[in-house]
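Letters are used for the chains, namely A, B, C and D, taken in the order the chains are written, and counting of residues starts over at 1 for each.
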Amino acid sequence: MKAAIIGGTGYGAVELVRLLNNHPQVEISTIVSHSNSGNELQSIYPHLSDIIKTSFAEMDVEKVSEEVDLVFFGTPSGVSTKLVPQFMEQDVKCIDLAGDFRLDSPEIYEKWYKKSAPPQQYTEKAAYGLSEIYTEEVKNATLIANPGCYPTATLLALIPVLKEQLIEPQSIIIDAKSGLSGAGRSVSLKAHFSETNENFRAYKLAEHQHIPEIEQILAKESGVDLQVSFTPHLVPMTRGIMCTIYSNMTLGKTTEEIIELYQTFYKDHPFVRVRPEGIIPATKEVYGSNYCDIGFKVDDRTGRLMIVSVIDNLVKGAAGQAIQNMNLMQGWDEQTGLTNVPIYP
Amino acid sequence: MKAAIIGGTGYGAVELVRLLNNHPQVEISTIVSHSNSGNELQSIYPHLSDIIKTSFAEMDVEKVSEEVDLVFFGTPSGVSTKLVPQFMEQDVKCIDLAGDFRLDSPEIYEKWYKKSAPPQQYTEKAAYGLSEIYTEEVKNATLIANPGCYPTATLLALIPVLKEQLIEPQSIIIDAKSGLSGAGRSVSLKAHFSETNENFRAYKLAEHQHIPEIEQILAKESGVDLQVSFTPHLVPMTRGIMCTIYSNMTLGKTTEEIIELYQTFYKDHPFVRVRPEGIIPATKEVYGSNYCDIGFKVDDRTGRLMIVSVIDNLVKGAAGQAIQNMNLMQGWDEQTGLTNVPIYP
Amino acid sequence: MKAAIIGGTGYGAVELVRLLNNHPQVEISTIVSHSNSGNELQSIYPHLSDIIKTSFAEMDVEKVSEEVDLVFFGTPSGVSTKLVPQFMEQDVKCIDLAGDFRLDSPEIYEKWYKKSAPPQQYTEKAAYGLSEIYTEEVKNATLIANPGCYPTATLLALIPVLKEQLIEPQSIIIDAKSGLSGAGRSVSLKAHFSETNENFRAYKLAEHQHIPEIEQILAKESGVDLQVSFTPHLVPMTRGIMCTIYSNMTLGKTTEEIIELYQTFYKDHPFVRVRPEGIIPATKEVYGSNYCDIGFKVDDRTGRLMIVSVIDNLVKGAAGQAIQNMNLMQGWDEQTGLTNVPIYP
Amino acid sequence: MKAAIIGGTGYGAVELVRLLNNHPQVEISTIVSHSNSGNELQSIYPHLSDIIKTSFAEMDVEKVSEEVDLVFFGTPSGVSTKLVPQFMEQDVKCIDLAGDFRLDSPEIYEKWYKKSAPPQQYTEKAAYGLSEIYTEEVKNATLIANPGCYPTATLLALIPVLKEQLIEPQSIIIDAKSGLSGAGRSVSLKAHFSETNENFRAYKLAEHQHIPEIEQILAKESGVDLQVSFTPHLVPMTRGIMCTIYSNMTLGKTTEEIIELYQTFYKDHPFVRVRPEGIIPATKEVYGSNYCDIGFKVDDRTGRLMIVSVIDNLVKGAAGQAIQNMNLMQGWDEQTGLTNVPIYP
């Protein structure tokens, strides 16, 4: 199968290139970058020298549609809003790594993203590509709203216990930490080395656009309209997200019982690794891989459950999950092309 | 005044050396290190070459007591339990950077520290050296239990709002992040560079020995026996602590009103810097200095207050606060020797 | 084919596990670790959870020899000296990542390694596994002395120009920089995070054991007995080596002519990537991959040639080149199992 | 004395603010920043909150000249070329941290800086502010060309041995490594965190503008017109420069003899610390301080001398040396305001 990548100079796109290069069923036929069209890929990303010998193309919906069956969007939010409808009219499947098609409500989208919402008919068509949870929807979809990095780590960690009503829906607090690659390749003072190295920062308190995405899915899975506290932080490292999640338990379950619940819930989902009692995952343990690792601790003193989940924000949080979704859409084994071991140390 | 440092090869001790070297009123006359006695300081810490030309001494209570008026302990927990009584019998003032004398209850100390508690009469004598809160106690004390790094950042952030009953005491969740220098200079796999760099980890979930210290002081200040959730994490950086603190508000205060409360509360305490609305401090903004910076966000959607506090764990979280306490004990301006500007970038 | 790894808790060994897991022709049947025998691999390396479900075995030459055709040694120097002869007597092929069999002269080995040299008959049997240079020797060998990380980056960069007598053999200066993973997993103050982060250090000036290895091969290739200046440094990062190499030119070649020489020299060797004029490779451009990237600059003002080469010390500098050598020994395509794209960013 | 800082939003300027804040004799009366005029200093640099309560001023030569006796320039090259003459006409002393007045020859300046040279009469008036070497010139100067960061570390390391004709002038190779703060605060892909972290790079091979500065001074001190090889690299850290310097020895001196020469040479210069045999300084050992530490190794095998020097690029390499020069110009002790101990770890 042939695929195209739109928005090819971002980190999400270049991670798609890395992962798809080892995918046995897919060939990247076009990489579109408005800002770099005409330039060789290896001039912008020298790590690809001699491996990927192609140049960035200019956007041309018709030409791309003739060549490929599927398009990945690694563009900033707002771009796929306009392009997805054009590709879908040409019967090209779309996987959007941006947030454009994730929120059901155009009002909520416009409030949090400060942009015009995409046509409602396309949002309705989009499957939310949290692969382990919406496997069937993804298999049948032609448009995937690939989840955000923070929502992926949060939702995989919370859904099992929330579905079983083991925690109070209104008590959820997500303290999230991310490496800098999540901020993308666009230069800014926030991502300037000397400002960021040997520094730890919180940002967008109670205002991050991933909040409504998390709440929408948690509400759907729990049947309860809920609000969460979500605070993202920047860690002086490149890759990795950890979510430390607190909630009040409704029943006196033990850590072991919680772990058993997750082991059962995810037993057919190899990319979620449930850790045994006493072991809490660290971000480096999933570096470069599509795993989401989850650890647990019931605190009897406070009656709270603590869940810690980690992903590589560029893999399970972006390009890897996009490929996993493509695999599902195409009827392939979901692990195809994604079996690389985390790189450690 | 002459002072001695016991436990001189740890990071807390070497930070005392750095700060005291510029203190106009104090001379370090002896630095004791059992493991390095006889070695020159600059052979263990070459950054002190030509600045501090002295050798580590062996422990000798009598000899030290004759020379100095005050002793700082930078030893691991368990050591000052034995030595503090000996020094105090010789009328030498003691400032203990370890946890030995912080907890009122010997049972709680032994439960969390897995060590024998110190003689109760000395624990009772000890003032808890959170300088801004227990200023008077410190001024009159001869033994200071210098607060832990995490408790310092947590307590300065919580006490004003808790005293005013603006938050529910049982709702407090502290998500804490620390640089690696907090783990000390003893080598371990946890602090091995290749395991730690480009990695983010949680540890000791619901089991950290600073939990009872935080709870003891919060209970004292609020009059309510309470339990907190406290989760420490390790950030791939050397210095800095951030506590991100969540609690349920009891009244509908605005962020601005909370900030005003703190500005008033800390108006005579120059080392606490209350940030204006919309500004959340980062750890690097206090690097190398004795400041504790605090920012605030009221989240109307969830009814929660978020407080973010940052300190340099080796300064306000250890050596700096110890010197601040010494200044108070001696009747000097509390800022003496501590006026260095944070080093940035 | 079945293979065993001896010395399984080091970083070289765990990198062999990562790379061999995706190798289509090889199965790891045993991983031996004296210090961890009986423990599950994933208890020591949690990133392998659910991927490699095996336990470390105790050393048992006979048992391992029955099971496998080839053994990789990731042990500290001195261990393979004793074990390689035992395995070779059982007709098991050996690839040694340590330095034991690299130096032809036992006197030189003992001088630089401060250890007893291995039996001379085995040293003579060993092929020096610099895959691109000694391809034929490797193909026919049953014992491989896998090159050191610094020698790999140095020799691939110098041999073409030295063979062509374009530089003065006695003028070579190699200024080398390495990430910390090269120092291994054994804890030490030198590799302690707080000592290493935000720090840059030189070590073992004119005394590193890779000096005689570099000199032996350069002498062999140039026909001139030569001495080099070689200075290793530690960079606060985990992976990556850069060698910046200076030498006096004998003829007035241009940068472009030098580049053409290398392109021709390495045209059948896909793991060496020769950069175009004006482009100097950075370590991150080979991260996690088996590439050695080389850039060039002729400085007309000084008459010197500068060569910059980079590798991932754990891949081309250790486990990757070992697998490349195994591929050659087995008659497979040398790229088998090594086609992963560098991970960036 | 009152002083002004021009170019107040760069890292050199903010480091001047940090150091001058503890200087007993100087008050900063104005900080000029074209890009931020009108903004509070603490809004751009929150680490200065509550410490420096002033706003950036717009450039106004007349107004500033009335207020102050001395101006520091932390501006990009090209700016002081225009402003220094205006201030000097008003009898205001100038210390320029940029390169404008360092090179005697306007042709060489224009070749390496690609900018118009400043008026020759001012270049002639300027003293090259390498404090330990040109102490007398500095004392008598009204305009200081403050040395570049790399030249400072290089020249202090080379001048003693070159003056004594112990090395061949044409054999000098300087392999230099710098933290990212040397690249300034202007955002760029080169200084973008995700591109720089866990990466090591060489840049501007044989083309860095500090080359003619180094050569001019070395020629002056040795009496020989010479060319050096100089290669700068970027280390993934914020502060610190190391120069590893190679040269051929003319006489068979020992490491110990070289060390004695330097100890004698610098005996009245407290900011140069000569390390004993076997000890090589690391960058962290001067972090935040005005020291230049130097270590030595004679390699008998190659007949080369290796010198390793380290500085904090923002202190001895910029703001600290500027203040040291101001102290000399004013007839104060050169250490005034610069006695802070390096911050470690």
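Things worth noting here:
In this section, a residue touches a chain if its C-beta (ideal position, glycine included) is under 8 Å from a C-beta of that chain, and two chains touch if they have at least 3 such contacts.
Please read these numbers as outputs of a predicted model, since none were measured by experiment.
Taking the mean of C-alpha positions as each chain's centre, the chain lying farthest from the centre of chain C is B. When the interfaces B-C and C-D are ranked by how many C-beta pairs touch across them, C-D comes first.
Distance between chain C and chain D, defined via averaged C-alpha coordinates, is recorded as 39 Å.
Distance between chain A and chain C, defined via averaged C-alpha coordinates, is recorded as 36 Å. Spacing of chain B relative to chain C, judged by their CA centroids, is 46 angstrom. Across the assembly, chain D contributes residues 11, 179, 181, 185, 194-195, 197-198, 236-239, 282, 284, 287, 345 that each touch 2 or more other chains. In the complex of the two chains, the chain C residues touching chain B come out as 11, 179-181, 183, 185, 187-189, 191-198, 236-238. On the chain A side of its complex with chain B, the touching residues are 170, 173, 175, 177, 179, 194-195, 197-203, 205-206, 227-229, 231, 233, 235-240, 242, 244, 246, 280, 282-284, 287, 297, 299, 301-302, 304, 306, 308, 310, 345.
Touching chain C in their complex are the following residues of chain A: 11, 14, 17-18, 21-22, 45-51, 181, 185, 197-198, 238-239, 270, 273, 275, 279, 281-282, 284-289, 293, 339-345.
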